[in-house]
Amino acid sequence: MIRIAVLGAGRIGQVHATSVASNARAKLVAVVDAVPAAAAKLAQKHGCEAAGDPLAIIARADVDAVVIGTPTDTHVDLVLAAAKAGKAVLCEKPIDLDIGRATVALQQVEKVGARVMMGFNRRFDPSAAAMKRAIDAGDVGALEQVIITSRDPGLAPYEYIAHSGGIFRDMTIHDFDMARWLLGEEPVEIVATASRMVDPNLSKYDDFDTVMVLMRTKSGRQCHINCSRRAVYGYDQRMEAFGSAGMVQNDNLRPTTLRRFSQSTTEAREPLLNFFLERYMDSYRAELDAFLDALERSAAMPVTVRDGCQALRLADCANESVRTGRVVSIS
Amino acid sequence: MIRIAVLGAGRIGQVHATSVASNARAKLVAVVDAVPAAAAKLAQKHGCEAAGDPLAIIARADVDAVVIGTPTDTHVDLVLAAAKAGKAVLCEKPIDLDIGRATVALQQVEKVGARVMMGFNRRFDPSAAAMKRAIDAGDVGALEQVIITSRDPGLAPYEYIAHSGGIFRDMTIHDFDMARWLLGEEPVEIVATASRMVDPNLSKYDDFDTVMVLMRTKSGRQCHINCSRRAVYGYDQRMEAFGSAGMVQNDNLRPTTLRRFSQSTTEAREPLLNFFLERYMDSYRAELDAFLDALERSAAMPVTVRDGCQALRLADCANESVRTGRVVSIS
Amino acid sequence: MIRIAVLGAGRIGQVHATSVASNARAKLVAVVDAVPAAAAKLAQKHGCEAAGDPLAIIARADVDAVVIGTPTDTHVDLVLAAAKAGKAVLCEKPIDLDIGRATVALQQVEKVGARVMMGFNRRFDPSAAAMKRAIDAGDVGALEQVIITSRDPGLAPYEYIAHSGGIFRDMTIHDFDMARWLLGEEPVEIVATASRMVDPNLSKYDDFDTVMVLMRTKSGRQCHINCSRRAVYGYDQRMEAFGSAGMVQNDNLRPTTLRRFSQSTTEAREPLLNFFLERYMDSYRAELDAFLDALERSAAMPVTVRDGCQALRLADCANESVRTGRVVSIS
Amino acid sequence: MIRIAVLGAGRIGQVHATSVASNARAKLVAVVDAVPAAAAKLAQKHGCEAAGDPLAIIARADVDAVVIGTPTDTHVDLVLAAAKAGKAVLCEKPIDLDIGRATVALQQVEKVGARVMMGFNRRFDPSAAAMKRAIDAGDVGALEQVIITSRDPGLAPYEYIAHSGGIFRDMTIHDFDMARWLLGEEPVEIVATASRMVDPNLSKYDDFDTVMVLMRTKSGRQCHINCSRRAVYGYDQRMEAFGSAGMVQNDNLRPTTLRRFSQSTTEAREPLLNFFLERYMDSYRAELDAFLDALERSAAMPVTVRDGCQALRLADCANESVRTGRVVSIS
């Protein structure tokens, strides 16, 4: 039984607390939040302790691991504190918005051999995992093209946008990680284009809502990503991998299989699962399982801080490409 | 070049005239209709002769074959006239509404060895033909169940209904032929239920608009057919064949592949092709090709008057089942 | 917190124990099985008591309700014991294989006003529930035809078949309940045909493996059900409801959305979820929620013993139809 | 009746000759080919004249229009000869492989007001046309992203590749035209990446087999195109248009609707229509109709030489982007 504290009682902290509490291999020891009421409410729901100071919880002997779901700017400090204390960590993405700080964290984590897993939960989505297995099994032969469509149902509030780090580091970062994972090679070149089609006010935040990305790996594999902050038909998450022996595709999920035929429409399907908490619900549970597997077997973490840094680097290079209007080489 | 006259210049006669005129192996010699203007108009369109007397045309030396698309009650007489004259015949279904007359016609046709093909065009629909080939190739293993859904887009006018012979002999007869063809065995038992859900006025015509049929063959194969005279979402034509090694299904056709995603609906597809002239357009051309093939190769007709009689018999037994409320044995 | 004991620690008892243990509104007090080791193992898994005597557990003051997952021939006695003790009951289908015993149980349950819910779990499947809601909301207009396809992945062992009560009472009974529920009216006539296509040895058990059913309600609504004990492509569970304003359909579930395109096949999808425990996993949880809802709100049970008797009666009439070769009126 | 000569009796000339011969509004006067046997064979098939000198045919009084399906390097000369002779022209793409020559041709065509239509047949594909109509009708709201997938079933022979002008001018040019048409705005920036994943020997021809393109219009609309010279599952032609009110998609065509379910695969569909002659068969007929419509109504040509030049320019800029590794501005 691995004893876990969840740091952060916000939206994502609640998801992790539920995963931990309902996992037979884990015990939820405490939830921590700077807002006492938030911690108390979540702790009560799961019958565990509430606390306000993450460092005190990290230090406790009856805590084997922490799940970090606090604001992004605290991730590095908490990861390093846990690493020093010899505690395992499952840390929400991104590791940091600043690649410099992220790289320092990576170096320290690797230096002390800390057990830190980055929370790129989509790798654990059953359909994404099935696609990866199919690619690894050679079902598409030599991989040549990857196409990722990733569109949010609606624009986030301005206060969120303001601290999000911009669309590439906040939203597309998931797709950068997915691209790296599926491609099986590091991209060496990237070019991006970005528009404000949904909301021109995003210029105040130096941000965009509609982007397209092209990447190339050393061996010539190609990847396209398209994102929008607003798809009125719902959260659109699709992927395609193409190669010498064929293609695999993943489609969106819907709550039921119902199809409707009427005078005005034929074969209309149910709306898409609305947003990431619904769409990727299974992935958070599977992510925790993968974390526990790695801990129990003393195996390598399935997603590392290095993965977190690489995805962040791609986001930064995409921003540079938009800023300069050039193709950017990834060193 | 097989020289063909089309008898009947109505809706179905026009379809056949176009098929003949555009077929490189056939020559459209004449179109015949009791209404001179109708014959003239169709003849002019295709640059052929117009005539009013089908028997005179049948007798002509420069006519090798006739396509019969006249009213149902003339079919038997015209088939037999052509048979006596040694002309090949492609005759629209049904051979007759009266099984007695139909059987007499069958006997005479077989006695003189006349070359008569019944126009069950759906057998030549590319998807139906692919399903039949898959069954024959063993793709579903030993066939066990066949399910046919057959729904018209809307109720025909009362004047049509009045002379149609009723839903089983007019509409379901196509499905009875399809069932026999796919099952590969004759049904030995049939039971049917019939309702007036679309229009209670059909009681005046002793007719129904909503029916379900069950049939069983000697070896135990089972078949279900459901029909409605009104599907508001369009002409619904689907089939399923199930067996020891799997299943094959056919879906409806649509004019384009367009799928629409909006706030109110996701993945709505194009309306179904509206009715049989659009849906089965290809089948009429392929039916003529099969007729020409059989003539050129002196091969057996792919659909015979016997097939026409058997489908009619199933329709009659379905009517008897509805009338008596009993399962009917098919002798 | 409703305190529940689960009677029966077999396959279905385990499903219910897990549902109860993970439901925040329920407390799993005990699991009961005649086989001590089975009870002990399941109790240990969920950290509750193990017991051998269901009547003793039913009598306990700290048990508010029981879930009955014991062998079919014990259902009536346990339901009535719980009813007398004033305990609520969620009882697996069927209520009994004998309609006489079932009817007596129904009378006593209704007489004492006992709170008994029958476990027709499929009504709580999200897709089935969405279809029912769509029908009730008028999305198909006046309902006219219901078509249910229900095929198991493979034949059950002979020892199971021997005590199953036959395909209609064991397997199709779920579809009879679904049909009644969707039709919104009681069938007044039924006819069935049954074959041994999968395994001729079933004649030893007077059983069949391949069946088709037709039913009609008083107002003329029609229903077709087809079942097979063996679909090599997996557990096939589909439904269609057709009416004056359109149609709704439910398709099968698959573990992921992956589609594969290769030289030999295009757009092959994942295998179907294999059998009822996987396919209807969600429905068991939702069923328990509906049971708890009814208890908490003192509302009518969503599925009653009367429903259990009606479905059983349809199964018996289907058997009679097969035996006599006749359409059977349902009194 | 518009009297038409088809120049070129090769693969594409045969397609056009069939379209003209079977169109009720056109008369096929002659087919012309430098190879006498080719012209004779095609002329015999359609019962028209055969000729060897295109200029003589263009000059004839009984020829109203010509369809140019000769080798690319003859297009400009034939277009201009026909223009001078006052004849209407339907010219296969590309207008020329050299943008300089193409631009001169454009200027002369516009100067004399010649009636010249470029043969971008895909605009007349029913599904593509339905997508364009949906966009124009506002079904996706303000258009924001267009994604085009365009993959050939297999690599063309080296002798074809050698004179093709390279993948962008030979293959992607169709997609560039489609992109411009769907976007409704001219791209102002383009970037492309190109690999040799299928056949490294293409380096001898300075050509590629696997490419991805990004384009941006002035208002910020974005477009992605991906191409491969080899998709083992068949000719893959899909499109997607996304905007403020939703999305429309087009899928591939298949010969029938058959779906197969077996132990090894579920819901495998028929192979894709193999290549452009099958896939776009309908579009060639509709293209001719659009040409005849424009002539009969003296309306603007639906696709112009300017369109041909713009698509060629995009192909040239894509090549420049690959050569320089830079984003290219389109003047």
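Letters A, B, C and D mark the chains as written, and numbering starts fresh at 1 in each.
Rule of thumb we're sticking to: a residue touches a chain if its C-beta (ideal position, glycine included) is under 8 Å from a C-beta of that chain, and two chains touch if they have at least 3 such contacts.
Not measured: the values here are computed from a predicted model.
Counted as hops between touching chains, the shortest connection from chain B to chain D is 1. Of all chains, the one whose Cα centroid sits at the greatest distance from that of chain A is B. C-beta contact counts were set side by side for A-D and A-C; A-D has more. Averaged C-alpha coordinates put the centre of chain A at 40 Å from the centre of chain C. Chain D has its Cα centroid 58 Å from the Cα centroid of chain C. Multi-chain contact residues of chain D (touching two or more other chains): 231-233, 245-247, 261-263, 270.
Listed in rising order, the residues of chain A touching chain D in the complex are 141-142, 144-145, 147, 149, 151, 189, 191, 193, 195-198, 210-212, 214, 216, 220-224, 226, 228, 230-233, 236, 242, 244-247, 325-327.
If you check the complex, the residues on chain D that touch chain B are 22, 126-127, 129-131, 134, 139, 245-253, 255-263, 270.
Of all residues in chain B, those touching chain A in their complex are 231-234, 254, 261-263, 265-272.
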